[in-house]
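What follows is a set of structures to go through.
Shared chain: chain A. Partners: chain B in the first complex, chain C in the second.
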Partner chain A sequence: MKLVWFETLKTFSRWRTYIGFGVIALIVIITEVVMKLSADEILYRMLRSLEKDFLISGNVLNGWFVTAFIMNTLHIHMPFLITLVAGDVVSSEATSGTVRLLLIRPPSRSRIITAKYITTFFYTAGLVLFLGLLCILLGLTLFGSGDLIIHHYGRFGVIYIEEAEIPIRMLFAFMAAIWSMMAVASIAFLLSTLAENSVGPIIGTMAVVVVFLVIGNFPLDFFRSLKPYLFTTYLTFWQQFLDDPIPWRQIGSSAAILGLHSILLFLIALGVYARKDIKS
Partner chain B sequence: MEETLQREVVLRTLGLSKKFGKRWAARNLNLEVHRGDIFCFLGPNGAGKSTAIRMILTLLRPTSGSIEMFGKDLHQNRRDVLSRVCGIVEKPDFYLYLSAYKNLQILGSMNRSVRSDEIMEILDVVGLKSRAFEKVRTFSHGMKQRLGIAQALLTKPELIILDEPTTGLDPQGMKEIRELIKRLSHERSMTIFLSSHLLSEVELVATRMAVINKGELIAQGTVSELLGNEATDYTLQASPFHPALELMGSLAWVKVLSVGNGAMEVRVEPGRAPELNKHLVTHGISVSSFFPHRSLEDFFLKVTGGKSEI
Partner chain C sequence: MKKHVWFIKVLLFFSAGWAFAQDDATHYLDALERKYSALKDYTVDVKVHFDMEGFNAPDMQARLYFKPPDKMKVESKKVFFFPREGGIFNPFIFKKDAFDIRLLEETAYGNRKAVKLKLYPKDTKKMKQSFVLILDIENHQIREFHTSFDEREVKGVIDYGTFKEFDLPSRVDLHLDLPFKESFEMREFGQPAPAPRRVTGKVEISYSNYRVNSGLRDDLFESPKRKK
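Moving on, here comes the complex of A and B:
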């Protein structure tokens, strides 16, 4: 516990840790303010097709809708912001030379690496929760509350979720988003144990995410056959908590795949670092 | 009893070797450090000193050989052994964005629970108490070096390992570190293992020493055994200067090599340096400094019989 506390203290004492929070705040504020200013246009586009088949009343463009809308962009900018810290958490000790003071202490390398991984989880969770809470609080303030009406993810149609049910669904969605982002963080973390500075792990992780996303979205049979094996396929499984009915089986399978992916990467990082010669 | 304590081996390496690719950075090192020693590991840059220290402090995995500390195998008793050892490898690097106090709190607490007053006391010992809450980013190299020693002391180690602790310091800083090392050895009964490429530094602080070159151990023993009285060249400062110079010219077993800056370099027959000092004093000449003048190159030639080059 002490090691985790010290790692957390070190991580949150650095200004680069707050870049992610700053960028998210900027994105959320700009998006929500622009949405507020363009509310009429957004409502028109939303209701244009729906009003042919449904009778819609009440506050449709509400804080929950805005939150779901912004969360959809999660897999685009969040991986980069996460790698800023996850790719740096181990390699920065080599860059600064502090690794030579750290690894000559009684705690084993495995314990130190585990503490750093837990800290990476704290950062990732903090970043996703910050995004979620900011979206909701600012959204509810600017747009008010109401039932959630959104397009069905992955197939044609709309989903309607009653206002009372939304908070718990959002909570699960955020938990799932943290789980997804930990898969990205684990890649950066593994690369961080191999590198002596944070540039390689950040670029390397982003390259993996981008390449996997591109491969997974190529409209060719060969690439489609690869899709189930790419972790990026499951990154957006949090959206399924806003589905109706909630596909628990699919969610469980996506969570298990991402979880195994993260554990495997962590175990590799552990093995690599335990045997690594510190030459820096 | 004192003799027993003096002879207790706190660090022993057996056939310690490290190979990087095809190159042996250290080969078959058999070192022995006794309790209470100020043990100096002497060798030129690139000789393998840091590699050996990194293996002793578990930063590098030996290719072969073993390390025992306090009678226990290091790799089988890592936690127990490392809780009794601390050190600085190369330069002391800290978390620059944290204060000296916070750095010590984090690093010290990895060994044992440290109290706030202990941290302040150690900072006082190294002369950094007034800067305790300033970020390390603002510290000079000398201050970081002292903070490095502070973090080592905070863990109350029985053995401190310092890799070239005076590198990059000005003469005053070097002197301060040397005095601190001696004080730690005498007042806190710590065993100190330090590496250096400066022969003069070894002579000033060490009780025992080992010499390494090109990864291999050349010699090991007490400083007097290895350096002995073989040195024949001395730097001498005396006054009045000219009568001292004339007196020396009259002695057949002394040869004046050079004169300048109020000092002279002289060559004395082996074993007769004390006699020269006495001779000068009895002739009313006061000797303000008289110290052997040896280069690492000369010393290497001596201990290797001219077979080893730096």
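Moving on, here comes the complex of A and C:
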């Protein structure tokens, strides 16, 4: 526990750790202010197909909708911000020359790497929760509250979630988002144990995420057949908490696949770190 | 020559019959128009139940304002969806001068006499829709309607109650058959565009707490127009 606290303190005392929080704050503030200024245009685009057949009243463009809207871009910018710390957490010891000092002390290597992994989890969770809280608080301040209207592309119509039900669903969605992002963080963490500097793990993780996203979304049958085998396919499973009815079985399988990725990547990182040669 | 005379006679006979039928059908709408001529406005609470494919929504409630000829407003604290066609009772659109009217059949509705009319708009620029109405000619009530326009089909069955001597809907059951096409703007990279399809379903609307001729002001219906 002391080790975890020490690692957490070390991570959160680095200025690099706060780049992600700063970038998220910037993205959320700019997006929400622009959405506020372009509210008419957004509503027109959003409701155009429905308004042909229905009169729609009430606060459709509310804080919850804005939060869900920004959350949809999560799998694009969030992995990069996560790798900034997750890709650095182990390799920085090698870069700064503290790895020998660290590993000749009593705590075992497995305890050290576990503490670093838990710290990575704290950072990932902190970043996602910061995004969520900022989106919701700023969103509710600028746009007010209301029922959540969700449209999933390719499926007719809308999903209507009553206002009272939204906070709990959002909480589950953010927990699922943390779970997804931990799979990305685990790749960066593994690469960080293999590298001597942070640049390689950051670029390596982003390369994996981008290549998998592109392969999984290419509109060709060959690539489509690969989609179920790519972890990036499941990164957006948090969206399913905003579905009706909530597809618990799909959520369970997505969470299991991502969880297995995270565990496997951590175990490999553990093995690599246990055999790491610090004498050369 | 004799053949020509016969042909003209037959033509005159049928055209006279047609003109008579037209005139005959027109008076049904005339009676409807007279019946509601004293209706200046109404306010009503509506409860909507959707049973439509892909439309996962709980029952919704709102207050609806209407003023002839076509001013309407929906007021709701929560997000509210209301069918544009058939949801708002507006007998004023069925003006006899606005349609070419054909009597399709004389029929019965329950134990009352009824007629089935087909209404073709005279000015298709102003109104695109044609209607088929089943009109209770004893009470001068529209009991069923069917309209089609822009690939949309809407059928409705109306139950009435009497509110301040006016017969106004207490319940409307709508059957919608609508085209649906995804917007390209919402598409993400790699998402294939789904083929346009039709969506069908039922909407049940209950009406309660009518306030009739309460003198609704025109500015109540003004709402800021959205920029596109």
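By definition in this document, the second predicted complex is superposed on the first by the 274 of 280 C-alpha atoms of A that agree within 3 Å, B and C clash if a C-alpha of one lies under 4 Å from a C-alpha of the other, contacts with A are read in each partner's own complex, and residues count from 1 in each chain.
Everything that follows uses one rule, which is that a contact is a pair of C-beta atoms (placed from the backbone, for glycine too) under 8 Å apart; a residue touches a chain by one contact, two chains touch by 3 or more.
Computed from a prediction, not measured in an experiment: that's the story for all the values here.
Put chain B and chain C next to each other and count what each touches on chain A; the higher total goes to C. Of the two partner chains placed by the overlay, neither chain B nor chain C lies in contact with A:19.
Of the two partner chains placed around the shared chain by superposition, chain B is the only one that A:6 touches, whereas chain C remains out of contact.
Contacts of A:57 after superposition on the shared chain: chain C is touched, whereas chain B is not. Using the contact criterion defined above for the overlaid structures, shared-chain residue A:43 touches chain C, although it does not reach chain B.
Contact with chain C, but none with chain B, is seen for A:159 once the two complexes are overlaid on the shared chain.
Across the interface of their complex, chain B is touched by residues 2-3, 6, 9-10, 13-15, 96-98, 100-108, 275, 277-279 of chain A.
Within the complex formed with chain C, the residues of chain A that make contact are 40-41, 43-45, 48-50, 52-60, 146-147, 149, 151, 153-160, 162-163, 216-219, 244. The part of chain B that touches chain A in the complex is made up of residues 54, 57-61, 78-80, 82-83, 85-98, 102, 106-107, 109-111, 151.
Listed in rising order, the residues of chain C touching chain A in the complex are 52-58, 62, 72, 74-85, 87, 150, 152, 176, 178, 180-183, 185-192, 194, 197, 199, 226-228.
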